[in-house]
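Two complexes are shown next, each including chain A; its partner changes from chain B in the first to chain C in the second.
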Partner chain A sequence: MQASGTKLALGIYTALFLVFLYGPMVVLAILSFQTGPEGGPQFPIIEWSIYWYKHLFGMTPPTRIAPLPIEEALVRSLVLAVMTMIVSTVLGVTSAQAFRKKFTGSGFAFYLIVLGMMVPGVLVGLGMALIANALGIDRHWWGTTFVLHVVYTYPFAFLVMLAILNRFDQSVEEASWSLGVSPVKTFRKVTFPLIFPGVLSAMLFAFTLSYDEFSRTLFASGRDLTLPLAIYGTFSVEVHPNVFAFGVLTTLFSFALLGTYAVLMMLSIRRARRVAIQEEA
Partner chain B sequence: MAAVLQLSQVTKAYGALRALDGIDISLPDNAYISLLGPSGSGKTILLRVIAGFEAPDSGSILFKGERVEAVPPHRRNIGFVFQNFALFPHLSVARNIAFGLENRELNPITDSAVVRAKVKDIVALVGLTGLEDRGVAQISGGQRQRVALARTLITEPSLVLLDEPLGALDANLRTRMRAELRAIRERCGVTFLHVTGSETEALAMGDTVLVLDRGRIAQADDADTVYNRPRSAAVARFLNCYNLFEGQLSKDDFVSPVGKFPLQGQQADARGQPAYAIRYDRISIRPLVASVTAEEVRIEGTFIADEYSGAAINSFFSLDDGRVIEVESHLSQAAPQACVPHGRYALVWKRQNALVYA
Partner chain C sequence: MAMTAATAEAASADRSAKKMPDRTFWLLAPGVIWMVLFLVVPILMMVYVSFWTQTTFAITPTLTIKSWVTFFSSDTYLSALWTTIRIWLIVLAATLIVGYPAALFVGLFVRNKTLQTVLLVLCVIPFWTSFLIRVLAWRPMLGKEGAINLILQGVGLINKPIEVLLFSELSVIIGMTQIYCVFMVGPIAFMMGRIDQSVIEAAQDLGAGFWRIFRTIILPLSMPGVVVGAIFVSVMVLGEFATSAALSGRKVNLLGNIIVTQVGSLKWAFAAVAGVILTILMGIVVAALLRVVDLRKEL
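Here is the complex of A and B:
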């Protein structure tokens, strides 16, 4: 009796947790189907429509509500996220590889790297803006912002790779060397294929963190806005459901990204699992 | 016979621990060498130093007449078979075996027809035919062992280091693989250096048996000599078939805590701790009242338990100072004395059968 009571309480707690977690997203999704252009971002739904989706793509007759200024911002954010992902992952993989051997100052270097994800974004963003001003460097999303995004996402990629390499059995590399294969080729042919699932995770982290980064970007980006800044800019005037429609679309895009990641992971895990099953048999 | 590998005064320390403490070895060409050492004796470190995974602190390593201390592992052409096999999990059996040939720095083979032919030969040699396309996780432990061996042998090294290669296999398979390893080695004509913690394995496999004790080579002899005449008390202890007594040599006796053992012309080997060693199967169990001859040594002990192993019975007796003595009675020779628990018995051996170290 006691046990089932606890179970019920925990069940309700979990359910509430899930409601609070996903509630905002669901509300946003529902409101994006509000009718337009007269319907606002609040209940009740006057009439279900996909007006705001059409509005996003400029397929509605012009009204006083300006289309979201996101086209260029979206491209910028995607390009920035891809650039950040590539650089952070390469840095993360190579530096985690370096940390497999203890070297002088490795402890200090570790904290120095990890600091990038610890310090408050607003401070770093502001600091970057001040330095750029002092040195007479123009602030751009592809310059100052890009550097900050790498500083921010690189520790995540680094930590993911560190965890992966920690569990990595070094004897397969030694086996390869003893067969006459050079360390560089060994890394390419043995180590990298084996740590690839970890590399995928590091890439995903770097991409998503950069894609919706706000606080660092706010001060460091200069004139051309990235997507989160552009959306925030529209809020400050008036909120229309077109923002919600856009939110739904980006969420779907993220899901697609996660789906790709899941498929790639599944492919590499399935191979490992086939291995594990045979191991038990 | 030419020496393929020569180590002289090789040392390697980890902090205060001298893992290798002046190793001198000379390995002949085309031979099976086993290296016996208890855990912690530095045997794996020795192999890793020879392979080049670790650098020695001092000393020289000559491989085929050339110094290799500073040569990285992939330029040494010394094969290494790992205890856990360390197969490449993302490659099939055939790809694992072909890996070294195709990817090595020196003289890689790019013609896939040549690679295929070589893989086919070596697969037949180690008995893996039909399994080429399997994943390395889809085969049994013994088969994995063969893949590890084939992968190494195909690159034609002059020396193959095997780090407890049978340790991961079950007992049945281990015995079978012993014979197989020897046969494969003979067909290839290379030198195998086989490291093991099992004295039976070391004695069974090696043309020469090296015994490693606390970072030093304690003995290097053929199996028969190592078994019958271990050069130190430490070697006798690793062999797991000697009862050892510590004590002092005084004229014609060896004075141990359980009494004086009269000697008979033994040459005391002057190395390590003084000790008196008598092999398990040299001791006979007699009733207390039975008489002993002049050339026999007799002590008394209380029977604790015995262990039946088919061809022999191992009986355990505790002496008055609490130490336990093991006696091995071969059942093919005579029906052994049936012992009563907690009964007192005389344990008797011939003076000349004992080994003395001083």
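Here is the complex of A and C:
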């Protein structure tokens, strides 16, 4: 498409669109450096300081502003995300393996799995709370919430793995089988290294989605808060810049995670390339 | 794809092919059981409980339609239903209007693959920030002393802060549009990227102007992307309650907010009724959107 006037206009529009996407976060990040404890969550910046970051870690003298209950919540959220990541990746890999063969009812199974990422958290969460209520089970983040997180993240892992396995050269596996290597060993030595980039992506999806997941958690967990619930708790009260500082920190944490993923991905691709070169030689 | 590989393999490995159905079953069973137990059963339970009897602090499994009657005869609940539908339609339109030009630029006008990827990644990066933080970030933007009012006053466009920006329906709509418009941009940009450039060049050579090309080529070919994006946005907006809780100052009550409040006061049966109505609403919306374009044929 070469209409240059239109192209220029659309380009400017897209730049504005990106400002719209990032603007609020930038403002939030700037305001997190407001001075404390008297500085509020608005402009102008009275004085630049890292007071609210210290406040988060309990390194400031106590004031009327209660610190965010993040310490235990952070541990819970991380444990929950790791649990969810492991289970949904295993489920995703196994079911995607199953889909490599055509079988009756595959359409039904596919939609059943994908439904998990489409149904809003408010509905599954409510349903799970009702079941726990009727059966007299206590709701906990490691129980009722955990199974719902897997319902949400497992479809993502499944779709990623399906995409990877679709592009996967089966003859390598068949060669291994025909040489008499057992299916389990074939999976470990041949299939798994080939699908590893997909597994890594599935894990990243599952971890970040679970770490952030809120609506399912709200209904299905009991008294113990996870991080998103701790943030949600601040919605109903006056917001102080400590929430903003916390937002900046979680964002940095996510980027660190993304960076780790990128490095691992690059290493695995480089290794695959090296193996390929060795085989050619 | 698996099919052709399977036939090619049949001759050499019929031993393993015969064992496959069994293997498939065991590979698939854990996932399917998980989804039935923790997705299908909860939804069915919600439908079931909506017919239970609600007393002040408990529910008893005596079947009744009293909660349904209460819902449809209460102004609060009905107005929540209308608010949900209104906000959904407005946000859907807003995400489409805001997102479509950006998708058009990224998908069709940017020919450099690297730049295209960079732009798409830039759209996705905000998702690595907590959803709730992104919602909350609108407060210092929209408030009376917020960034937008400060800028507008600084430029001299207004001399008094616009108060309607925060804690109103408008703030909920702005917040949701920003959070969900990427789900519109992604699928549309994907479909744009698949448009054969030579078709457009042919139209240009034949003297068609940009609007003509847009109307007759680009718009129809990008429709499947619009529908997929609309499904994503619809399902998410209809199930929303956090954005309205954070940005409306309790002025906007969506069905999701009703569910949260009812659960908070242990009115399980009412919450279940609201949940079932939300489910039905979503079902209708998704079915209607799928009617517009036959996705299986298009993708």
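We adopt the following convention: the second predicted complex is superposed on the first by the 267 of 281 C-alpha atoms of A that agree within 3 Å, B and C clash if a C-alpha of one lies under 4 Å from a C-alpha of the other, contacts with A are read in each partner's own complex, and residues count from 1 in each chain.
The criterion applied here is as follows: a residue touches a chain if its C-beta (ideal position, glycine included) is under 8 Å from a C-beta of that chain, and two chains touch if they have at least 3 such contacts.
Keep in mind that this is a model prediction, so the values were computed, not measured.
Look at A:Tyr154: by the touch rule set out above, it reaches chain C but stays clear of chain B.
Looking at the shared chain after the overlay, A:Lys7 reaches chain C, while chain B stays out of its contact range. Of the two partners chain B and chain C, more residues of chain A are touched by C. Of the two partner chains placed by the overlay, only chain B lies in contact with A:Pro193; chain C stays clear of it.
Within the superposed three-chain model, A:Lys185 lies in touch with chain B and out of touch with chain C [touch as defined at top].
By the touch criterion defined above, A:Trp177 reaches both chain B and chain C. In the superposed model, A:Arg270 lies in contact with neither chain B nor chain C. Residues 174, 177-178, 183 of chain A lie in contact with chain B in one complex and with chain C in the other. Those residues of chain A that touch chain B in the shared complex are 169, 171-172, 174-183, 185-186, 189-190, 193-194, 271-272, 274-276, 278-279. Of all residues in chain B, those touching chain A in their complex are 51-53, 72-80, 82, 84, 86-90, 99-100, 103-106, 135-139, 148, 151-152, 155.
Chain C meets chain A in the complex at residues 1-3, 5-6, 9, 12-13, 16, 20-21, 23-25, 27-28, 30-32, 34-46, 49, 59, 61, 98-99, 101-102, 104-106, 108-109, 119, 122-123, 126, 128-134, 136-141, 143, 145-147, 150, 178, 181-182, 197, 200, 204, 210, 235-236, 238-239, 241-242, 245-246, 256, 259-260, 263, 268, 271-272, 275, 278-279, 282.
By the touch criterion given at the top, residues 1-3, 6-7, 10-11, 13-14, 17-18, 20-25, 27-28, 31, 41-43, 91-92, 94-95, 97-103, 109, 112-113, 115-116, 118-124, 126-131, 133-134, 147-148, 150-151, 154, 158, 166, 170, 174, 177-178, 183, 208, 212, 214-215, 218-219, 227-228, 231-232, 234-236, 239, 243-244, 246-247, 250-251, 254-255, 257-258 of chain A touch chain C in their complex.
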